[in-house]
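Each chain gets a letter, A, B, C and D, in the order it is written, and its residues are counted from 1.
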């Protein structure tokens, strides 16, 4: 039985550093490395596999079966599943051919699968999919192809770096199921993730990383139920399933802020991505919107914000039909919080300029300072450009910017789903609080059902056919 | 994009441009101060001193006395039928002259292009493979220098060196290799400068792509890596750059042929320009433009063929 | 799809490889000529190449000392009043296409090309044939008709060539026949074995149109051509090191001049033209650009034509002050930018020139600067020689730097009557009408008494010298390169025949 | 969106070379106040010396003076063309962006058509017929140069306009002008300037080529290509006089090439 060991590893790259006195991974076990973003998870993965990371400095040893490895392990003993499968696949070669490469050059003789066709059937792809190039496959499918490669490849360990990043619940579940096969095939599995759901579903052991060191390690069941370190506790309490349920909104006089009636929309006439949707969103209410990726959730938000014109149907703000005068008058009261805080700030401007020149000036000058201090931000951040500020800070600034407009209706399009849970929670909590305080309506878009259940008053779901339906959780 | 759509698009573009060039030359001529009928008369009855009477005869036989819009429509129609009329200098059919000179030009352009690519691609690849080395620096400086020096200068130097000093090439005859190789080399040099830089960048870019590393993870041997995974991806920016190469080819045809006294389209164009032989000029310009468009269409088709998966 | 590209590539390769024959060399008995003069339409009157290479011949020709002798005409006699001339056509001559030379063909030729050749300057009323004689009738006495018929543009082609306007071939009677004229830039000739006169010893000739002087020079230097004509003066220095080729410089009766449109104000004023003449530094141009100070013109005709060169005339001089004075008295005042103004009109002219004689554009720029100094703004336009002839024809030419021979018609009166008679010609004056001068020309053309002729010459030359219908700049040294491989070459000062049939290869 | 070239190393060299050129073109003729057209037929093709630092040409004109004035002429035309092209390209791109629909499509098609024309050919054809002169050359080069800037600003602009941060500003009620000034222009400008730098080099080359071919530029204008063409006959006698304009051309084009590579470059994806 093989083992993978890290001894006296000291890793650093840029701002990040990680200090690992000793870690041991065994074949046949799966181990999850969890931690907030910035805790050095990816550095550990790189060090273990031996893959080059630009700017990384490393001291200490990585040992295979007790003796220091005499070459990078990724070539023979470790198979690495990348964070972004889209970047790891050759964009011009059919995926089947790329899968066949593993059979040709790195196939595991112990593996029962003898052909790309057979393995692809196992992971739920058909022959036609194999003839496609990566750009024609969805993110989930690409990740499954990568897993198929890992299943076939000759390796004692598989290291997966954030394998569920950006995937919706359905795909996530599928990936987790497939990961189970690594254990059954007798390989060791090391999964880097910030998602405790994934960790609890997969892990035998859990390693929790705090700022630059190992905060806690042990059996998954123990660590997750009985955390000993602060870092673990924080992670657990920020996981959506552990969020406190929001108090039910007191029913207010019925006055829909936004109302859609029989709205149909599609970029091509023949295939509507939204058909005959009817919804009313009241002030002070948080409405959740759920749906698989690509199902038109964002488009629905844009329709509510009058950024798109419906093909048919009626959109109303405050009970009156939309027209350009109304839009102009109410524009700043209908806001949107974007998925990625980095793209929602102009990259060339200092943040102060964004707040001074491109943000509605609120009547109350103190609001900004108040929000800043509540979200733990200092004024000197405003002198920087967006790329000089961390993602979490930028997300908080984005929230402040949106709230300064004092919107009556706010669309939150998967806010910070690419950041870690603590930031996500903070974002959603602040918005929920604002919503109840100023009784403004919020449309919360997410592919994470747990988040919506915890925070939304009502949850709607968009199906692939573009049907909107109310989900009940009784 | 489907093949049909691509071809339709290209056809439309070619049509538009043909009309654009034809219109330009028509209006430029008809806004000229000189009397076109007189000019034609002078050319047709070379050596004489045509008078107004003769000019009127010409005017009538060429239909120059009709309303200008009718003439314009006729001109466009003629252009679309590739009928450019008769050269004012030789009295021959312009199409006949274009065919004659075009054959000469095609020969040099074809081999010049092949040689240029054959020169640029290995150079660029070697530079990229050994990026940062002295070899790379030397080759990069050399190709940058080549691309900065105007091609007429390269041509002058080549003539002095190979024709006059070494006597390895000639300036007369149209098809013998003694004549052609130095022309081909000059064209090749002049297009290879920038092309090799593009190849270099493309290869370096591709080699830095994460999927190259992951191909190694899949076990692809390092010696096969670039050919299996890099080539097709590195080719794309190079193919995208080809229209620029063709543009340079066209300019080279004009300048280099003039210096080498090679009787191709470019040489003929410069002489037609000097003689103000408008029908020949417009025919030659259009021939060159169409040749350029055919080249870009071919390269687009090639791109489409290689990357058609991507578009669907 | 793959096949499509393959097919395209193969087609390209095949077209490019259908290479015609390799490069011809002296070894294959071929004389090659690099010439700045384009071949043009294959008509004797339009293409100097045809007569110079010996494809077509004229009725008469000059000997080296200027006497007119018969070529295709065996003999000729005028009537007493010199208004009817009978040319007896040489017998036993046939065209390259096999048809015999007859008086009928000759008459048809002369009639057809009358307006396009030097014949237009003769007062011809009728051209007919009688038996083996061609009869030319004139409406006034005309003594120089035989000389006129020696001009290269009166060459005779076969009857078949007269029918179509522009053919791909031409059949003359000369020592060389055209074998291939499909390339508009090249004429391939071979020796005519049935030639009636001295047959050529060299079997093939290639006449190459090479417009670029630098390329002609390079070709001569590389030994690619046996002859390169009209080279820059510096060629002597540049080719000094080449041992296979010699640069020859030969004074010929030719002039470089500034042609002025006399119909255009203010160039229509004698004083203005005189001022322009005074402004030009002929010595400077002759010594620095032409490379021979002796070619600076002191009057229209060079000393090599002693009958026409009048030593008593006051030579042209360079005197910008005088020029300014003349212009001032003509009513011009200098504007702020140094350019003369009269009645609100700036004195600006467009000057055209061409580069088949490579020094002309350089002289043009020199003159441009000299005229600028006296306040005349000149813009330059450079093309080939048709910019002059076309501009003269359609009247748009304002000024031009030109070069013309006095002896295309071997008697300089031909050049005078072509260039200055009745509003001028391509290479002479333009819109300069002087009845007195025209009368002198007409008188000269019917006079046979040598003394009277001498007086008339003096009068005509003096008139041109005074009025400057065209401003003479320099006389002419022709610069050409001749390979050491050939011998027996003499440059024909009449520029009508390269004399290729006399050439032999050097031992 | 952008493909930033990796060759940023020698940018200082590019700036220095370019600055030197600009200074030379601007102040050179003032400091070395010799008439570039003054001819001295007594000293033609004289070698460099005290009186003529770079010697004289075939008409005895001072080569240094002609070189300096040639710099001014080429640079003047090239910069004028680039400035006009940027202006026209941006305005039309703005119109296309703003109006959308048919107008946008036809503008894009038209610019594609003009872009597909080999510019120098058109310039040759029309410069000959329209007669030369600096204004005509500027006009003709402008006519063929603008589509490049149109394509660039259209494609970059489209990506910016569709971006989240512009949408955020629109939702925040910022006016179109303000968004353009703060968010669009500062992003597009470096791309335009980078392309402009290359273009200036290319136009200097194009002008030299026109001068060499003797089309569109009339003597006695001091122009580098024409100087080369005039002097190449005398290359054995006066090599320095010939080398001077050659080096000048290479200098400018190289300087601008290096300069443009130190700025972001982009391949507009409009195919």
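The definition used in the following text is that contacts are C-beta pairs under 8 Å (C-beta built on N, C-alpha and C of every residue); 3 or more make two chains touch, one makes a residue touch a chain.
Remember, predicted model here, so these are calculated numbers, not experimental data.
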In terms of CA centroids, furthest away from chain C sits chain A
Here the gap between chain A and chain D, centre to centre from mean Cα coordinates and rounded to Å, is 48
Based only on mean CA positions, could you tell me how far chain C sits from chain D in angstrom? 43
Centre-of-Cα separation between chain C and chain A, whole angstrom: 87
If you average the CA atoms of chain B and of chain D, how many Å lie between those two points? 21
Multi-partner residues of chain C (each touching 2 or more other chains): 214, 382
Please set out, as single numbers or ranges, the residues of chain D touching at least two other chains. 214, 232
Check each residue of chain B and list the ones that touch at least two other chains. 160, 258, 273-274, 276
So how do the chains connect up here, line, ring, star, complete, or something else (other)? other
Pairs of chains in contact (touch as defined earlier), listed by label: A-B, A-D, B-C, B-D, C-D
Complex contacts: residues of chain D adjacent to chain B: 5-6, 109, 112-114, 116-118, 120-122, 124-126, 128-130, 201, 205, 208-209, 212-215, 225, 228, 232, 235, 246, 249-250, 253-254, 257, 267, 271
Spell out the part of chain B that touches chain C in their complex, as residue ranges. 33-35, 38-39, 41-43, 45-50, 89-92, 97, 100, 103, 106-107, 110-111, 159-160, 163-164, 167, 170-180, 258-261, 263, 271, 273-276, 298, 301-302, 305
Interfacial residue positions of chain A with respect to chain D in the complex: 305, 307, 331-332, 334-336, 338, 340, 343-349, 353, 357-360, 401, 405
Can you list the chain A residues touching chain B in their complex? 51-52, 74-75, 79-80, 82, 84, 87-94, 98, 101-102, 104-106, 132-133, 135-136, 149, 153-154
Please output the residues of chain C touching chain B within their complex, sorted ascending. 1-2, 5, 8, 12-13, 15-16, 19-24, 32, 34, 38-41, 43, 45-46, 115-117, 120, 153, 165-166, 182-186, 206, 208, 210-212, 214-215, 218-219, 221-225, 354, 382-384, 386-387, 389-390, 392-394, 396, 425-426
